[in-house]
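Next, two complexes with chain A in common: one pairs it with chain B, the other with chain C.
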Partner chain A sequence: MLDIIIYGAVISAVYALLAVGFTLIFGVARILNLAHGAFYALGAYCVYTLTANLHVPLVIAAVIAVLLVALFGIAMERVLVRPLRRLPPLAVLMMTLAVGLMVEQILLLIFGSEARNVPSLVESSFNFGGVLLSGQRLLAFFCSVAILGGLWLFMQHTRLGAAILAVSQDPEGARYMGIPSDRIFSIVMGLSAAIAAAAGVLVAPFQSVIPGMGLLPLVKAFAIVIVGGLGSIPGSIVGALLLGYTETIVAFKASIEWSQIVSVAAVLIVLIIRPAGFFGKRAAF
Partner chain B sequence: MLAWGSLTKTDVIGAIVVIALLSVVPFVGSRYIVGIMTVALCYAIWASSWDFMSGLTGRENFGHSLFIGTGAYTAGFLNVSFGLSPWWGFPAAAIIAVLFSLIIGIPTLRLRGPYFALAMLSGAVVMQKLSIIFSETTGGQDGLNGLSPMLRSQVSAYYFTLVALVVTVIVLKFIALSPWGTILRAIRGDEATCQAAGINVNFYKISALMISAAFAGFGGALYANYQLQVGPDLFDVALSINIIIMVYVGGMGSIYGAVGGALLLIGLTEGLRSFSEYRLWVYTLILILILFFIPNGVIAPAWVRVREWIIGRSAAFTRRASA
Partner chain C sequence: MGLLELSRLTVHYGKALALENLDLEVREGELVAVLGSNGAGKTTLLKAISRALPSRGAMRFDGVDIGDVPMHQVVARGICHCPEGRRLFPELTVLKNLQLGAYLRDDRAEIAADLERVYALFGVLRERARQQASTLSGGEQQMVAIGRALMGRPRLLLLDEPSVGIAHRLKMQIFDSIRAIQQSGTAVLLVEQDARSALGIADRVYVMEHGHIVRAGTSAEIAADDSVRQAYLGV
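== the complex of A and B ==
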């Protein structure tokens, strides 16, 4: 029982990180970013390269990796996505998918298909009432909660956060108020990329770092965001908790195999019962 | 026939020329070329079935490999695990693929937004994972091997695939040109107006997906029976994307363009054999360039030009002859 609570919390926190970035860029710029998983994979690979090849200390490598991926996200928005905004929304969707695949292919060409190891920041394990948890998982949990909290403070208490919220409510109205929507889109894409990369960096030591590692998290993020409601940040956190715990319970009680189906089953059930998700606006449909 | 009304004589002659060219391949090409071309024809079936649903209704399907993979695995199971004749695989594959299309299509196609595209994508990803996880029954990473061959010679398999492709294109084009297809295109244009006109748009979208899935599943079974092997890579996202790129290159919504795109890109793949690791990379690059510069594709617009030129020429010729 306790092991389900503890492992579920770690998984949910990482899922929440992935889903929040995914839902943020959708809520603000209406971009469904299929390259989100690529940001996650890029984060992990950046840390790998920096520590294994360039021998940068792990903490600094993590920060550099997050910043690099954020820059990559901004560049992608500026160069590849923005010119397509006038076209039907599917063009943007195709473009993000193309970027995601391209990143995976480049990673495959550079690093090959074998799994890479990233060292843990915290080597020791901790014991919680008989449940042994590795330090890196604990770190992933606390960092995720801290990042989510920081994001909340940023959105609620800064001018930029207010501007982002304004654009997400009404891009045109925000433009009339003098908020540069295009620049906000870039910033949010960078922010979303940075959060996804942070998730990748945090899980890299206990996940196999392979070029295709971003695909399943993308599917999970998509499922969480559907459950919580597309574009809603609280919704994506609740969705992450729901999905993270359901998966953990299924993994512990049935088998790891069946936990893979949870996300798709959840998507289908939610779309049948309440397509807007728990926190989505019905008007959007 | 009403449904063929918009096809000109030039279109029919063009189609016959292409079929004739394709049927000469076994006489001029080596075994190797015939093998490649059989695979290319399978891709053409998949691409045209993708185009039928997504090109006509504008609802892009990011996981067509879900139908291909389920079709191929169905044919594989029936043949390897149950020892049935390969011919049973075709109807069974189509039926199972249609079943999957209903599971994904009914909840998601009634919604506006990207739900359908993403649910298809995740459906395919999860099926791929499941096919690896349940490796005792599916053979895991190696897949199912040793299907009994359906036709003895390679050349007859090629002709069988060619006939299957021609039938697929004729059926899909027939539906696309019928009033039924007009409704599908109207849904792409303005769904709300269709609804206001009393058209049950969900019914049309879901049935279009079922038809598309049936042909994709059939094509998957065809591929499995040709390769005598089924593997989890048939569920791969890369396969779905390759098909989408083929249709984009061909020109969306034309069906024959998808066939041209498939043949062209498989040809390109063969040309790039020495760079095989860069293949998907080149494909995605092509997709990005097409999205930017030629959103209408290459094959279908090119054929429209050629047709106009031929019609113009023959009109000038008759004028000169009568003068």
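== the complex of A and C ==
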């Protein structure tokens, strides 16, 4: 029982990290970003290259990786997505899909298909009432919670955060205030990419780092956001908890394989019962 | 020299012509009203001025051509637009809405002073500051919208039908406050359906029909014009 609570918390926190960025860029710019999983994979590969090939210390490598992926997200929005904004939304969707596939292929060309190892920052394990948890998982949990908390503070207490919320609620209204919505879209894409990359960096030591590693997280983020309501940040956190714990329970009581079906099943059930998601009204924080 | 000078302003929606060769001027500190029936092009005019819509023709503000500056720079130069339908941020508090009006400003002390001025103008907003904007009544929301535009510290305030759908008593309060805004030195370009109230507070009036200005004059001249009296005052 305790093992489910502890492992579920770690998974849920990482899922929340993935889903929050995915829902943010949808809520603000109405972009359903199929390259979101690519940000996560890029984060993991950046930290791998920086540590294994360039021998950068792990902590510094992690920070650089997150920043690089943020820049990648901003560049993608500026160069590839923005010119398509006047076209039907399907064009943007196809572009994000293309970017996602392209990133995977490039990673495959450079690194090949075998799994890469990223060292853990914390090597020791911790014992919680008989449940053994690796230090890296513990770190992933605390960093995820800290990032989510930081994001909340940023949105609530900064001018830029308020502008992002304003654009998500009424982009045209925001433009009358002199808020340049194009620039906000870029910033949010960068923010969303940074958060996804942070998730990739945090889990890289205990996940296999392979070129296709972004697909499952994309599906998970999608599922969570469907459950929580597209564009709702609190909804995506609740969705992450629901999915993270359901998966953990299934993994412990049945098998790991079965747990991977949970997210797909959750999407189907929610779409049938409540298509808008449980927080469908877009209550951003 | 006028604060805002438009000459031969032309706006299209796709192929459809919405404004054609329109000349208009607002002088420093003046309150100018634009009257016209539904679809005359009043909203289009205000949107062209704040650069929410592309336009052709000359557009000068304070002597400088603003015909091709981006929308946020128009706000920075001192044209603040309180748009049709208010466009508040419904899930943000009244205070956040007001603060966002000052998004482009960095003078914190002056922003705080302007917030006090808005509260002085619309007392209820101080009580409602922590409430979500969507929980306010229509009239109160309109006050937030006007206050938010004032937070940009405009030299020219564009108001698009501020009295629409608002109970009579609040409506009078809103017209009084528009008057007070003008008396504090801000020029106002007011689009209004309620011609009688608009004529009551405006210095000058333009009348629009089908994307053209068909009459212009002082409020007294326009109020005395028979065709205007028939069309807009029903007398």
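Rule of thumb we're sticking to: the second predicted complex is superposed on the first by the 281 of 285 C-alpha atoms of A that agree within 3 Å, B and C clash if a C-alpha of one lies under 4 Å from a C-alpha of the other, contacts with A are read in each partner's own complex, and residues count from 1 in each chain.
In this text, a residue touches a chain if its C-beta (ideal position, glycine included) is under 8 Å from a C-beta of that chain, and two chains touch if they have at least 3 such contacts.
Here the structure is a predicted model, which means the values were calculated and not measured.
Clash-free side-by-side placement of chain B and chain C is the outcome of superposition onto chain A. The wider contact with chain A, measured as residues touched, comes from B rather than the other of chain B and chain C.
Contacts of A:M177 after superposition: chain C is touched, whereas chain B is not reached.
Once the two complexes are laid over each other on the shared chain, residue contacts for A:L216 go to chain B alone; chain C is not touched. Of the two partner chains placed by superposition, A:G161 touches none, neither chain B nor chain C. Residue contacts after overlaying the shared chain place A:Q169 against chain C, while chain B stays out of touching range.
Legend: residue contacts after superposition of the two complexes on their common chain; A:Q105 is shown touching chain B, with no touch to chain C. When both complexes are overlaid on chain A, the residue A:V267 reaches chain B alone and has no touch with chain C. Touch criterion not met for A:P234: it reaches neither chain B nor chain C.
Superposition on the common chain places the nearest Cα atoms of chain B and chain C 19 Å from each other.
Within chain A, the residues touching chain B in one complex and chain C in the other are 284.
Chain A makes touch with chain C in their complex at residues 159, 162-163, 165-166, 169-170, 172-180, 282-284.
In the complex of the two chains, the chain C residues touching chain A come out as 50, 52, 70-76, 80-83, 87-92, 96, 99-101, 103-104, 148-149, 152. Those residues of chain A that touch chain B in the shared complex are 32, 34, 80, 83-84, 87-91, 93-95, 97-99, 101-102, 105-106, 108-109, 215-216, 219, 222-223, 226, 230, 257, 260-261, 263-264, 267-268, 271-272, 275, 284-285.
Against chain A, in their complex, chain B makes its touches with residues 58, 60, 62, 103-104, 107-108, 111-115, 117-119, 121-123, 125-126, 129-130, 133-134, 237-238, 241, 244, 248, 277-278, 280-281, 284-285, 287-288, 291-292, 295.
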